[in-house]
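Labels for the chains are A, B and C, by order of writing; each one numbers its residues from 1.
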Amino acid sequence: MLWRNTWRKFVNYFMFSMTGLCALVTVGVLFFILGYLVWNGGSSLSWAFLTHLPTPVGESGGGMANAIVGSGKLLLLASAFGIPIGFLGGVYLAEFGGRAFPFVVRYTADLLNGVPSIVMGIFAWTIVVLPMKHFSTFAGGLALGVMMIPIAVRSTEEALRTVPLVLREGALALGASKWKTIATVVVPAARKGIVTGIILDIARVSGETAPLLFTAFSNRFWSPGWNQPTASLPVMVYTYAISPYDDWHKQAWAAGLVLLTLVLVANVAAKLSVSGRSAH
Amino acid sequence: MAADDVKLRVSGLDFYYGPKQTLFGVNLQILTNRITALIGPSGCGKSTFLRTLNRMYETVPHARAEGEVLFDNEDLLAMDPVALRRRVGMVFQRPNPFPKSIFDNIAYGLRVNGSHGGAALKEKVEKSLRRAALWDEVKDQLHKSAYALSGGQQQRLCIARALAVDPEVLLLDEPCSALDPIATAKIEELLYSLQDQCTLIIVTHNMQQAARVADFTGFFLLGKLIEYNKTEIIFKTPAKKETEDYITGRFG
Amino acid sequence: MAGIPVPRGRAAANRRAPAFIQGLRSGDTFAHLFTLLCAASILLVTAALVQQLYVNSTGAVHKFGFRFLTGRTWDPVSGDFGALPFVYGTLITSALALLVAVPLGVGAAIFLSELAPPRISNAMTFVIELLAAIPSVIYGLLGIFILVPFLRQYGEPFLKRTLGFLPLFRGPMYGVGMLAGGLVLAIMVVPFIISLSREVLLAVPVEQREAALGLGATKWESTWQVVVPYARIGIMASIFLALARALGETMAVTMVIGNDPRISASLFAPGYSIAAVIANEFAEATGDLYLQALIELGLVLFALTIVINGLARIAIIFTTQKGSGH
C-alpha cells in the first residue's frame, strides 16, 4: 500500500513537471523568436533600409522603402473594404438578427476564417487579375480585404454584446429609434472593443504573404496608383530569404523584424487595453 | 388638464411571452397628475404591465400585448412607439446612465428628438437637474463622467434624463430597490414634487413606500389586477382577501 | 371598469401595418436592411469563392477526374498533372505536426489550467497567444536560417544514429524536408491547441475535480482520469482546428520543405505540399490547363479545410452549449 502511494505521488509530481515543461518550452519559443529577430534583424536595420529602394540583383545595399509603402497601401485598401462591411455585419448580428440567419452567418464566418489564405489569393486572382490580365495593388487589397470581413464581423458582434441591455432600454425609453440607439449609445459604449478588434484584424492580415504572391505580386520599384503590382513587406521577406545572396538575407531579417514588431505591438496593445477595461 | 381626468385607460389587457400568458384581463384607469403605485409579490406581472405602457416589451421577440390601452383617447398599442416614448418616460430598477458626461446624459433625449444645442439646451439641462434635485450637487462637474456619481445620484440623474424631454407620464420600475434608505428618501421627496407636472406610475416591492408616496395603489397577483383603489382604502380596508393577506404579510 | 368591448384580432393586425411605416420613417427599416446586407456578404463571398474555384478548374477536373488525386507525376511541360506528391506531403507534414503539437499543447494546457496559479497562467497564456499572431513568413525565416541548419548538422544525424533502422529516418540529410516542415508546423499550431484546450479544461466544473479528490485520487489522477475526459470533445475540436490550420499553412512550409514533388518514406527527404506548390508555381503558370490544375489543388485544399473546420466548429458548439463532453 505504501509503495503504491509513493508511486502515485511520484507520478503526480513527474507528470505535472512534464506539463510545466511543455508550457515553458512554448513560452520559451516566443522569446527565442523575438530574441533572434532582434539579434539578426537589428544589425541590418538602418535608415537606408527604411528609405531606399532595392538595388539591382546581386548588388549590395539598398532598402525596402517601396515594400513598406506598398504594405501600407494594401492595408489601407483592405481596411477600406473589409472594415465597414465587417463592422456593419457585426452590428446586424448583435442588434437585429433572429436565430437561424445569424447562426448561419456566424458559422460561415468562422469557416471562412479557416480557409487557407492562399485560397483567398486564388479567389482574388480569379476576380481581379484574370479579367484585368495583370497583377495589381487593387487585387492584393481585395484579397486581404475579403479576409478581414469575417474577423471584423465576429469581433464587432462580440464587443456589442458586452453592452448591457439596460443601456439600450434607457435610450429607447427616451424616444430614440433603434438605429439611433445603436449609433449614439451602443456603439460608443463598445468602442474600445470594436477598435481593438479592428487593430487585431489589421495586424493579422498585415503579415499575410501567400495571397499576395499572385495578386499584388511584387515590384522592385515604386508602384504608383492602384493598378500596378507592388512590393510588400511579407513578400520581400520571403523573396529575400530564399535567395542565394547573403546581403539579401540580412535585409530579410531586418524586414522580418519590422513586420514582427508592428504585429506584436498591435497585438500587445490591443490585448492589454481590453483586459484593463473595467466593467461599469 | 384637471386632476381627475383619466390619462391612461386600460381595458382587458392580456400579455403573452410566446405561448405563455402573463397578464390576464387587466382593467384600470390612471388619473392625470397623480401618483399610482403597483404592488405585488415577485413575478406577479406588475413590471410586465408597466412595460406595456411604453411598449418596452417590443425589444423581446415573441412578446405581445392584446386588448386596449388608451392614452388620452389614442390607441397606445398602435401608436408610433418612438413618439410614444417621448411622451411616456421610464426610470429603471438599476441606474443606467450612459457612458457619457452628466451633461450629455441629460441632453441625450433632447438631442435625439431634434434639439440642436446652444443656450436653449443648456437651460433645459439645468432645469431638469433642478427638478431632479441634483443641480446643486453636480453644477460644477457637468462634464465629468456620469459614473463618477454615487448610486443615489445616478438614479436621480436618470430621473433628470427622463424628465428632460418633458414626458406626460413617468414610469418608475422599482427605482429605489438598488439604493440605501437616505437616497430612497430623497427620491420619494422628489416624486412628490414632480406630481403636478407629470403623471407618475411606480412599481414597488416596498409597501411602506407605496403607502407613503402614492395616491392610488393597484395590487397584482399572478398576472391579474386583484384590487385597485385609493391607497388609504387598499391599506386600511382592502376589499379582497388576497389583498389583505399580502398587506398583512401572510404570504409573499 | 369592466364591460368595455375589447378589440382583438383585427385591431392587432391593424396595428402591424403602421408599425412598418413607423419603421420606415424612423430609419430603422433601412438600417436593418443595410446591415443585413453586410452580414449576408459573408455568405455571398463564400458562395462566390466556391463558384470561382469550381468554374476555373473544370477543365482539369474533367481531364483527369479521380486520377488527379492518385497521379504521381506533376509535369507542366507535357500537361500531365497528378497531385499525389502534394497530398502526401501535406498529410505527412500535418501528421508530424500534430504528433509533436498535441502532447506538447495538451500538456501545456493541463499545466495552465490545473496547476499554474491564475496570474502566472494568464501571463503565460498571453504570451502563447502572441505566438499565434506571428506571421507565417517569420516562422519560415527562422525555419530556413535556424531550424534547417540545426537539423542538418545535429538533429537529423542524431535521429539517424538512434532510429535509423526505421525507414522514416534514412537517406541523405539536407536539413530541408518533411521533418523540417512538420516541426515548423508543430510550433505554429501549438498555440491554438493550448488556447482552446485550456479554456475547455477551465470550464470543467469544480465539482468534478472535488469528487475525484474526495475519493482519494491524487491531483494528477483527478486531472487525467476525470477532468481531461470530461473536456475531451473540446480538446478534440482544438486538435481538428490545429489540423485544418496545418493543412493550409503556406509560407513557412514552402520555405523549409524542399519543394521537390517526390514521395519518399523518409522524413529527411524533401517534399512538397499543396499550398507550397500553388505558392511557387501560380504566378508563372502558363496555359489554361496548368492554371486549372493549380486551382483544382486549391479546391482540394479548400474542401479539406472546410470539412475539418466545419466538424470542429460543430463540436465546439456542442461543448459550449452542454458545458460538458456528454
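As a working rule, a residue touches a chain if its C-beta (ideal position, glycine included) is under 8 Å from a C-beta of that chain, and two chains touch if they have at least 3 such contacts.
These numbers were taken from a predicted model, which means no experiment stands behind them.
Overall, the chain located most centrally, as judged by its C-alpha mean against the mean of all protein C-alpha atoms, is A. Between the interfaces A-C and B-C, more contacting C-beta pairs are found at A-C. Distance from the chain A centre to the chain B centre is 48 Å, each centre being the mean of its Cα atoms.
Averaged C-alpha coordinates put the centre of chain A at 16 Å from the centre of chain C. Computed centre separation for the pair chain B/chain C is 53 angstrom, with centres defined by C-alpha atoms.
In chain A, the residues that reach two or more other chains under the touch definition are 177, 180. With touch defined as above, residues shared between interfaces to two or more other chains in chain B number as follows: 82.
Across the assembly, chain C contributes 26 as residues in contact with two or more other chains. Considering their complex, residues 98, 164-177, 180, 184-185, 188-189, 280 of chain A touch chain B. Against chain C, in their complex, chain A makes its touches with residues 8-9, 11-12, 15-16, 18-23, 25-27, 29-30, 33, 36-37, 40, 84-93, 95-97, 101-102, 104-105, 107-112, 114-123, 125-127, 130, 135, 146, 149-150, 153, 177-180, 182, 200, 203-204, 206-210, 213-214, 217, 234, 237-238, 241-242, 249, 252-253, 256, 259-260, 263-264, 267-268, 271. Those residues of chain C that touch chain B in the complex are listed here as 1-2, 4, 6-8, 11-12, 14-15, 18-19, 22, 25-26.
The part of chain C that touches chain A in the complex is made up of residues 26-28, 30-32, 34-36, 38-43, 45-46, 48-49, 52-53, 55-56, 103-105, 107-108, 110-112, 114-116, 124, 126-131, 133-142, 144-146, 187, 190-191, 194, 218-221, 224, 241, 244-245, 247-251, 255, 275, 278-279, 282-283, 294-295, 298, 301-302, 305-306, 309-310, 313.
Residue ranges on chain B touching chain C, taken from their complex, read 11-12, 27-29, 64, 66-68, 75, 77-78, 80-82, 228.
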